[in-house]
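Two complexes are shown next, each including subunit A; its partner changes from subunit B in the first to subunit C in the second.
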Partner chain A sequence: MAGSALRRLMAEYKQLTMDPPEGIAAGPISEDNFFEWEALIAGPEGTCFEGGVFPARLVFPPDYPLSPPKMKFTCDMFHPNIFADGRVCISILHAPGDDPMGYELSAERWSPVQSVEKILLSVVSMLAEPNDESGANVDAAIMWRERRDEFNRIAQRLVRKTLGLSA
Partner chain B sequence: MQLLISSVCMALTSAVIGNAYYQKQQFYPAVVYITKSNASMAVIYIQFFVIVFMFGKLLRKIFLGTLRAAEFEHLLERFWYALTETCLAFTVFRDDFNPRFVALFTVLLFLKSFHWLAEERVDFMERSPVLGWLFHIRVGSLLTMLGILDYVLLMHAYNSTLVRGPTVQLVFGFEYAILLTVIASTAIKYVLHAAEMRTDTPWENKAVFLLYTELVIGLIKVVLYLLFVVIMAKIYALPMFVFRPMFFTIRNFRKALNDVIMSRRAIRNMNTLYPDATPEELRQSDNICIICREDMVNHSKKLPCGHIFHTTCLRSWFQRQQTCPTCRLNILRTPTVNSTAIPRAAEEPANAAAAAAAPTGGQPAAGADGAIINPAATATGVPDAGQPHPNGSAIRNPGVPNFADILAEANNLRNEMSNRAGIPPPPMMPPFMMQPPFGYFPPPLVPPPPMPQDLNTFNEDELRAMEGNLRTHIEERIKMLRNILVMVDSANILMQQYQGIIARLPPPMQVVPPNPDTTAQRVPTAADATAAAAPAQSGAAASAASPLPRAAAADPAAASTPVCDKPSTSRAATTEAKPHEGQVNSVAISSPVANASEKVTIEDLGAEEDINPSTDAASVDVDSEDSSELSELRKRRLKFLEERNKSPTATSDKTD
Partner chain C sequence: MESVEQDGEQVNRDDLILQQQREIEREISDSTPLVSDQLPLTCLTAEYDGDAVFTAKIQTLASKYKYMRRTRPDGNCFFRAFAYSYLEWLISNKAAYDKFRSIAETSKDKLIQLGFPSFTLEDFHGTFMEVINRVNPHNPGGVEKNQNELHTIFNEQGYSDYVIVYLRLMTSGKLQEDAEFYQHFIEGDMTIEEFRHQEVEPMFKESDHIHIIALSSALGVGVRVEYLDRAEGGTVKAHDFPEGAQPMVFLIYRPGHYDILYPN
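Moving on to the complex of A and B:
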C-alpha cells in the first residue's frame, strides 16, 4: 500500500480523467511522479481570455492533502491575481494561518476537502472575474480597473500567443 | 564536460609523473621530486579529488541508480553548505593541517552525501507508485554499509581520542555519531514504509510511529550537538561550523515536539469528545472520507457538526488545525452540552441562590425595556426566592435557566408534539446533518460565548459576598449579572442559529400546533420566564442605542441581531446594570431613556443601598397588576418554545 498522499492523488487523477470538467485537463507529467502535474485551462467564454488554452504546473507537497499544492502558469500571463512569474494567488491555495495579503477569510482557505478540480475551477472563475483587491500583479490590477480596453487587448495577445499564433 | 575534465586531469597527472620519472630515473627520487614541487602536488591533489568523484559516481550507480532532479538539486545545495562548514572547521584546526587531515574531511563529506541521498530515497518511498526488489536490495545494502562505516569510523575516532587525547578526531567522532543517528532514523523509516507497503490496508499508526521516531532522534541529536559545542569550546574555540546544522536540528526537534503534543491532544479529543460513527450513519452519508477519498469501513469519527471522517485522517489534520475540514467549525471552542449539563436535582441552597439571582437577572432588561418584561421577571422570580423549592422535583431549577434544561424541555416537547401530530419522530436522523455544507451557510457559525461558571451552585463564601449592602457586595452582584448576561447572549446566539435552520426546514414541521398543556404548566416557573426574558433582554441590549427599544423588543426575531461582539455587550451590560440600580429611586420606570438619564454611579449606590429590598418588593406589586402584559409575554414565550421545538439542532439532541 502506498502513502496516503499518493493514493489520494491517484484517486483524483482517476476521477479527473473519467469525468473531466469542461475546459480543464490535468494529470501527472510522468506516471513515475504523481506529485507534479500539468494542467491545461481553457479561457472562460465571454471574457477577454476566451479561446486561450493556458498551461500550468501543479506541485504537490508530500503531506498533500493536508497542505495545499503550488500552482504556476508556465505561459506568459497578465492578470491581477497572477504574479509576474506565473504563480497563482488565490485564497484556496493558501494554508489557513498564513495570510500573505492580509484580507482572506479562513473559510476560503485550503482544507483537505478541496481538490485539484476545485482549484482549477477556482482558477477559471478567477480568470473570468479578477479580484483587483488582492493585487498579485498591481499593474494588471490597476489596468483592469481603470483601462479595461487596454487590459483586454493584452489578454487577447496572450491568448493568441498560447495558441501559437503571432501577436 | 566531466569526461573532459577527468581526461585532462589524467593527462596532467601522467605528465607530472612521467616528467619526474624521466628526470630522476628511479622511484624514490621521483617521489621526493613530486612532493617537493608545489605544482606537481597540486596536480596530484586534483587527481585525487577526481578519483574520489568517480568513485562516488560508481557507488551511486550501484546503490541508487539515476538520481531524480530533485534529489540532485538537494544534494548539491547541502553539499555546498557542508563544504563551507568544512572550510570553517579548517580554521579551527589550522595547526595540524596536512594531507591526511584533508583526506579525512573528504571522506566525511563523501559519506555525508550518501547519507543525504539515502534519506531522500527513503522519503520518496511513500510517494512512488511502484517499487521493485532492486530498490529494496539497494536501500538495504546502502543503509547497512553506511551504518557499518559510521560505526567503524566512530570507534576509530573514539580510540584515538582515548589514546592521544583530544585532537581533530573529536570532530570526526562527533560527526559520525550524528551520521549514525541519521542512519538509524532512515532505517526506521524504511522499515515502517516497507511494512506499510506489504499490507493492503493503510497502516493507521504509522504516522504516530514516525512522529515519535523524529522526536527521539531529534532529542539525541540536540544533546549531541550541545555536548560537542561545550567540549569544543572548552578545548579549542567555539565551533562556528556546527552552528548552522545545530540550529536546524533544534528547530526540527521543536517542530517534532510540537507535532507530538498536537497529535496527542487531537487523539485525546477524538477519543473523549467525538463518538464513533455508527454503520447507520455511514450508510446515510456517501461513505467516503473526503480527506483521503477512500471508503470508510471502520474507525471513523463524527464531529459535533455531523461530518464524518477517518480517525487517522482527522488526527493528522487536527495536528495542524482544530477545525472541521468541511465546515470549519472550531471543534475546540464548540461547547459540548454534556460537559455543562451537571445534574443538580433538588439542591436547596443552590435553588435559593439561583432564585435570588433571578430577579436581578431579569431586571436589567426591565430597566431598559420598561414594564413589558418586568412583570414576568420579578413576579415569578421573587416569589421563588421566598419559598425556595416551590415545585418540587418537577422543575429542577426555578432560578436560572440552564441550557441543558431548556434544551431537554424543548426536546421532550418536540417529541410530544410530533406524536400528537401523527408524525413519527424522524428515524434516527443525525441532527447535525441538517446543517448545510460549508459555503452554503451564509453567516459562519458563531461559536457561543464561553459558558460562565455554574450559577446554580454557590458556596457559602459566594453567597456571603453577594448578600449585604456594602459596595463590595453590590460589585459582586454586578459581576453575577454580567455572567448572566453572557449566558443570555449565548442563548440568543443559539436561538439565532435555530432560526436560521428553521427557515430551511420542510413545511410539515411548521404546521405542528403548539402544545397548550405543557406550556401552560411551565409558564409560572422562573426558568421559563428568564428564558423568555433572554431574547427580549438582548433585544434591549441591541437597541440600547436605537430610539425604538420597544419595537425591537416586541419582535424577538428582529431582536436577535448578532451579539457576538463580547466587549460591546459587556459594556451594554454595565450600562444596563446601572439603570437597574437607578430604579431604587423611581419604581415605575417605563422608558429606558429615563433610565439612561438617571445613571447612577457605583459610588452613589453605597448610600442608597438601604432602600433596595423594599423597592424590589414594591416593583413586584406594581408589576403584578399588569396581567395583560403578562399574557402577552406568555404568548411570545409560547412562540419561542414552538420555534425551538421545531429546530432539531445540534445541542438539543445532545441531551438525549
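Moving on to the complex of A and C:
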C-alpha cells in the first residue's frame, strides 16, 4: 500500500518542482522519507499576511492519497482556521463524514484526485479569506470579525517574525 | 494515527472520537479478507442463528446460487464486489473482455474532458489498466491461472483500492454526464456536484442504488442484486440494474453490505 503512496508522492514532488504555483514551495524534508514534507507559503498579496513566508509541515498517511495528509504550521500563527498549535483546519484536509468543524455541504473535501498542490492553494485562499464560521481559533475568529485593525496588526507582527525581523 | 499530539499540546476531542471510531471500524474490517474464497451460502445461517425469516430466505437463495464470496465491510464493498465479479466473468468471455478493455482505455480521456484533473487521474487509470491486463484471457495459462491472479490482485490492498478509486471516478463521471437524469435520485437538496464529491469520489463511502445504476450504465454491465432482509414472505427480492439488462454480475445485499454470488 505504501508503495503506491510513495509513487504518487514522488510524482507530486516532481510536478511541484517543475511547475510550482506562485507563492508556494513544498517537498520532502529528507529524501529518505517522502511521507513528511515541509511547505513554504507566501502570504497572499493585498492581505494582512502579505510579505510573510510561513513554514508548515505535512504528514502523509501510508494509504495516501486514499486518505488526506495532516498539515501544521511550524511558525507562530493567529488565524480563525488554524489551531493554537498550528494545525490547519480546512475542509479539503477532511474526507466527507470526518466533520470536526461541521463544514458546509458545498465545501471542498478530500478525495483521491485532490493533491498537495490543491491543498496548498486552498490554504493560500484560507489565509486571504478566513472562514469565521469554523472557529479553530475562536479568539482569532472574533477579532477578525469585530476588531479587524487589531487582527491586522497581529498578522503584520507575525509576518515580520517569519522574516526574522524584530516585531 | 497522527491526530493525537504526541508532544502534549492541545488535543482535539473531536479528532480523538473520530480516531477511536476509525480504530473500531478498522478492527472489524481487518479481520475480513478484502475478497474471501468461495463459500457455501449456508455459511450465512450462522449469522442469523434461529431467525426463521432469514433462515428460510437463505435456503431459497442457496437453491439458486452455489457459492458466495464475502467482501470486506469497509464502505467500498459494492465497488470491490462489482469489480471482482465482472473481471472474473470477463476472464471466460474473450470478446466482452476486449470490448471492456477498449472502454477502459478510452475512459481516461473522457474523464479528463469532464474536468477531472489529469495529473492525479493518470495514476489510478494506470493501475486500473495494469490489473485489466494481468487477467487478460488471451494470456497463456488459461482461465484458472487468471482466476488465481485476479484473487491475488484483489487481496493486495494497493491494487484493490486503486481499482475502486477508478470505478468511483467513472461512476462520478457518469453522474455528471447525465446529471439531469440522476438529479431525481438524490434526496434532500444536494446538487449532483455535491453528491459526487461527498458520496461517490471519496473512498469508504457506501453505495446506494444511484451508484449501481450509474456504474452499470457507464460500463454496459448488467447487475442483479438479491436483497436479503427482514421483509415478509419467504422469497428474496431481486433487482436488475440497469432495468431489464441481462445480468453478468450477481450480488447479495444485506442491510449495509454487498457480497458476490455465483449462480448455479
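Simple rule for what comes next: the second predicted complex is superposed on the first by the 161 of 167 C-alpha atoms of A that agree within 3 Å, B and C clash if a C-alpha of one lies under 4 Å from a C-alpha of the other, contacts with A are read in each partner's own complex, and residues count from 1 in each chain.
Following the convention adopted for this analysis, a contact is a pair of C-beta atoms (placed from the backbone, for glycine too) under 8 Å apart; a residue touches a chain by one contact, two chains touch by 3 or more.
Remember, predicted model here, so these are calculated numbers, not experimental data.
The superposed arrangement places subunit B and subunit C in clashing positions on subunit A. In the superposed pair of complexes, A:59 makes contact with subunit C only, with no contact to subunit B. By the document's definition of touching, of the two partners only subunit C reaches A:84; subunit B does not. Once chain A of one complex is fitted onto chain A of the other, the partner contacts of A:38 are absent, as it touches neither subunit B nor subunit C.
Look at A:96: by the touch rule set out above, it reaches both subunit B and subunit C. When the shared chain is aligned, subunit B comes close enough to touch A:10, but subunit C does not.
Of the two partner chains, subunit B and subunit C are each touched by A:113.
Look at A:70: by the touch rule set out above, it reaches subunit C but stays clear of subunit B. Only one of the stretches 1-9, 55-63, 73-81 or 91-99 belonging to subunit C overlaps subunit B in the superposed arrangement, and that stretch is 73-81. The contact surfaces that subunit B and subunit C form on subunit A in the two complexes overlap at residues 1, 3-4, 7-8, 11, 15, 63, 65-66, 95-97, 106, 111-113. Taken together, the subunit A residues at the contact with subunit C in this complex read 1, 3-4, 7-8, 11, 15, 59, 61, 63, 65-67, 70, 83-85, 87, 95-98, 100, 105-106, 108-115. Contact residues of subunit B toward subunit A in the complex are 68, 123, 125-129, 193, 196-197, 199-203, 290-294, 313, 316-317, 320-321, 323, 325-326, 328, 438-439, 444.
Only residues 1-8, 10-12, 15, 31-35, 62-63, 65-66, 95-97, 106-107, 111-113 of subunit A touch subunit B when the two sit together in their complex. For subunit C in complex with subunit A, the touching residues are 1-3, 5, 9-10, 12, 14-15, 18, 116-117, 119-121, 123-124, 127, 157-158, 161-162, 165, 169, 190-191, 194, 197-199, 201-205.
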